[in-house]
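Labels for the chains are A, B, C and D, by order of writing; each one numbers its residues from 1.
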């Protein structure tokens, strides 16, 4: 019997991407799509690439009705809006997967400090799981409140986990230099996403002040077993999809690149979605566009003793909606790659 | 039992796209990939987006061996190179689908004039079928030598077929103004595909002289039952995938846009891959990127009595490899949308 | 003594482009910049590419003050907002150059019909000059109320003027298929200019309904001496700057391409900003980016008897601010290319 | 009397950019352009954006003839080809400005190791000046053999000079993460510059192995007065022009961002081409496109004690041809900004 799924906030980019991915899911039936901006319009009118693939009408969110008819609810809303939904889910005993930040922090004060919002569902935090399957799959199984990771954190944590897990680097030396496509900023209008301002242009933003910093640090600290502080710099690429993170760390041993590659291969040997690239091959965002993969390339700068780890993901898929479906598959005890396997579009 | 498939010329863009599409095909087993430039390399080394999805090594073409082990052979070579392959296929009694121009013209002299090549397999032309399924599906069924249409012709013929079929336009008034992404020029290096020359730029090329002109005219003439001559202007868009054709023709009746839309809806009512868009919605190349769809938008310029029909396709899919798989499905008596259904990537 | 110049609406793209161009103008002193959105900010804060080049603060428009201190006032406002400014200019006896549509139509009813705005300064229309210098320079000299042409009309009229002037084409056969960069839509936010919606995408818009249609027709009719009706289709290119128009018309004689090129060379022989390209060379938008040039390429489709004329301009320069400065030079009796000569940026 | 200037290798991107810039130079007369690929063609045929601006024909290089008629010769050739030209210049007692790497290294062994070429003019190295005017203008004055800096080094050295000059950072902690547009790879064809491979894509390349590394280190060591070793990672942006470098270094004092900005302002206070941006404003490549400026933005990551310095230049101008003209102005005792001042094109 099909799993009945609803999406709250279906008309943003992560919402419409969920619709795209779930179309291929043999076990899922989409039962409700909600919106604030396009109430009463069919989803395929809002996103004509869905013509012939989706016939639902976007509705105003009626939580009671939604939890009544749904087994799993995806929340694709801006931060601050998932808390009431999760509270309602708890009442109904239903599973929710939140693509925003509301349940990513085990310490609500960190959330409140960086997001400038009061946390209205602190009591649920102990039950929420930060759900990066390649790192903590076991915790995810059985959870009902899934905090889907941010896009930059996914790319940074997967880059550093093997090194930190093995204690191979000077933990004070980590620099994460990330570059993201514009879709990460969503469909909301702003000068920073205006075509003529972004096209044929490149810039950094929120340097040393981006909200994904504490999220990365929380997870790296958990892996390392000590408090990790990093420098994180996001940049805006004139492309639609893709994040490439170039991660620098001083090696505390004299491990060579082949040893590191072996370590990464071992660490991710059972992970279908992580592809550790061979010697001489570095990740490109386009190789993962439209896929749930995280490609990893490795170099050692022998002259300075630094490891340089480069990861590429599609920010809308592995950085958001694809990972959310991966998490749904886990909590619903389905094969983890259902609806997610397959090569991307190249060129 | 799986259909055994080989691709001759697998390392160009249409070849690698066939590999991508056929990965999802439940009835196909890829048995051989040939190349001239990458002999001995694995396909996934040539195209790393295929990591985890393909483990074949690219080989020099050995036709005897290939036809020995294959049921269907795709030819993804430049024009002029498919003729010897087709002759060999005839000897082996195997099916071939040629993505190039060698078998598109019923009159070999037209081919020789426009392509400046002698036709070396004229005897096969009567058996070759120009295979645009939405137009001549019945002919395709049962054929063994499939001439897969060109990208521009696909976009132009689907735009004009309903009008010509009904005799609604002045046949001397047709102008096809087409704009294509750069992938249509293939992976071969040229200044015209050099990033710095194409990016943030736009131009026409081969005006009134493009080789797709006689191909469009041959098929339009067949549909209209009279000799059609058109003006065709291709342009180069600074995008990778997509063709948008804006087609102009004087209406010979006073049909309004709603009547035309009704005509198109009726004409394509059983065609899954053609999407006639509703009033007020015009095609966008990105809505079909990565898909086998052809989107059609319609307007009537009442002030001048012209119909304006706009079509959008992905030149690598519906304009090449996707349509080739669609044709394979037809000649192999499989559901026509196998491996081809599903929404594209947006944004 | 310097000409004192103000710009009303300086913080849009055409306004900031005027500042860029006028920086190189040896006879101009910028005295006032007005804005609605950035009152009190320095121009170089709004547009940091102007750092080191402009030190003015953007102010709310105070017309009395502006006309008091200015010799020439550029109006870079949305249509409908130039009329009160022009009325004030008349009172002060100052020159104004309006980059919008308010004074482009000799018949105010055409304006009101297409722009859905009441004309509030009809009495000034007889004094306004539609100012495309290559077509009607003599009228511009001595005028005080300059209606600067629209971007698409500039590209279309320069393409067709020689043919219509000589009566060489069937006037009912004209199709103008234009493609524009996104900057033409200005700096105002809209989904249609949102990066992720435009990038790697292409589409037509306002087909057979764009407001530039009657403007093109008015000027073509004036040149032809008869009422001209055209089909005009604008498209949106994923580039920032540039318009390429592909113009089709049935030749009424059997003129060959060399005769046409000779005609165009003769017609534009004294025009520095028009470059009639040699045989085999077709315009590219990037060749004119940042310049006031209009490049023209010509072909004849002998099979169908059509002339195909292709023009390329920078929509922000020759299509707006550059042409406005060209007009200022004319009415101020300065060399017409002052601040405007020089090759563009390539690649 | 005009300075007579020739360009050896005029038909590459840096050569054509010299032609563009020198068109505006009131003291320069271009007397000869050489080429290997386009012998006998006019420069404006090779680069049609130069129509109306240049009438020279590209010739095969005849050094004797060129030095006979030239006062200054620009060398815009791949590395390894400038050495014989410089030797000839020495014989004629003429000035040369080499845009390549042949004379950038004071230690020829470093050059030979990284560039895999034997140095054939070692005897000239003591007379060659590494010519980054903002750093060593005094040395440049009076020199005849100018080694014009590389594009990445220009962006990295200007970022770090003030910090190193004042001894404010831990010199072992420097990471330079640079991102460049594709024009930096020149006009030569390669898969890495093929539109469909670069567009909507992003990647690192030559990680910890790029030839600009020792060049950056040589100059930083000179400034610091000690041997500096850095980690340098170049990336390829899907834009044509622009380099943005994000530079990380641990502060050895507890200087705040305002102190750093003050330091940079003081350090560059007489430098017209360096623009230290105000608080809260970070560089964007498009703000400097087409200009000789280097924009600098500063942040301090207080949590980790790192300074983050971001620079943006146009790789073809300040990173190559513009800086070459700046150096020519210096050695010819002309105002340094001649032909180089003026805002860039935005948007």
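Odds and ends about this structure:
Methods note: contacts are C-beta pairs under 8 Å (C-beta built on N, C-alpha and C of every residue); 3 or more make two chains touch, one makes a residue touch a chain.
Nothing here was measured: the structure is a model prediction, and the numbers come from that model.
Counting every residue number used by either copy at the chain A-chain D contact, over half are found in both chains. When the interfaces C-D and B-C are ranked by C-beta pairs in contact, the top one is B-C. Once the centre of each chain is set as its mean CA position, chain A and chain C turn out to be 46 Å apart. For this pair, chain B with chain C, the centres built from the Cα atoms lie 39 Å apart. Separating the centre of chain C from that of chain D, both taken as means of CA atoms, is a distance of 36 Å. Residue numbers of chain C whose C-beta contacts span two or more other chains: 13, 183, 196, 199-200, 238-241, 284, 286, 289, 347.
Touching chain B in their complex are the following residues of chain D: 13, 181-183, 187, 189-191, 193-196, 198-200, 238-240. Residues 172-173, 175, 177, 179, 196-197, 199-205, 207-208, 229-231, 233, 235, 237-242, 244, 246, 248, 282-286, 289, 297, 299-304, 306, 308, 310, 312, 347 of chain B are the ones touching chain C in the complex.
Against chain C, in their complex, chain D makes its touches with residues 13, 16, 19-20, 23-24, 45, 47-54, 183, 199-200, 240-241, 272, 275, 277-278, 281, 284, 286-291, 293, 295, 342-347.
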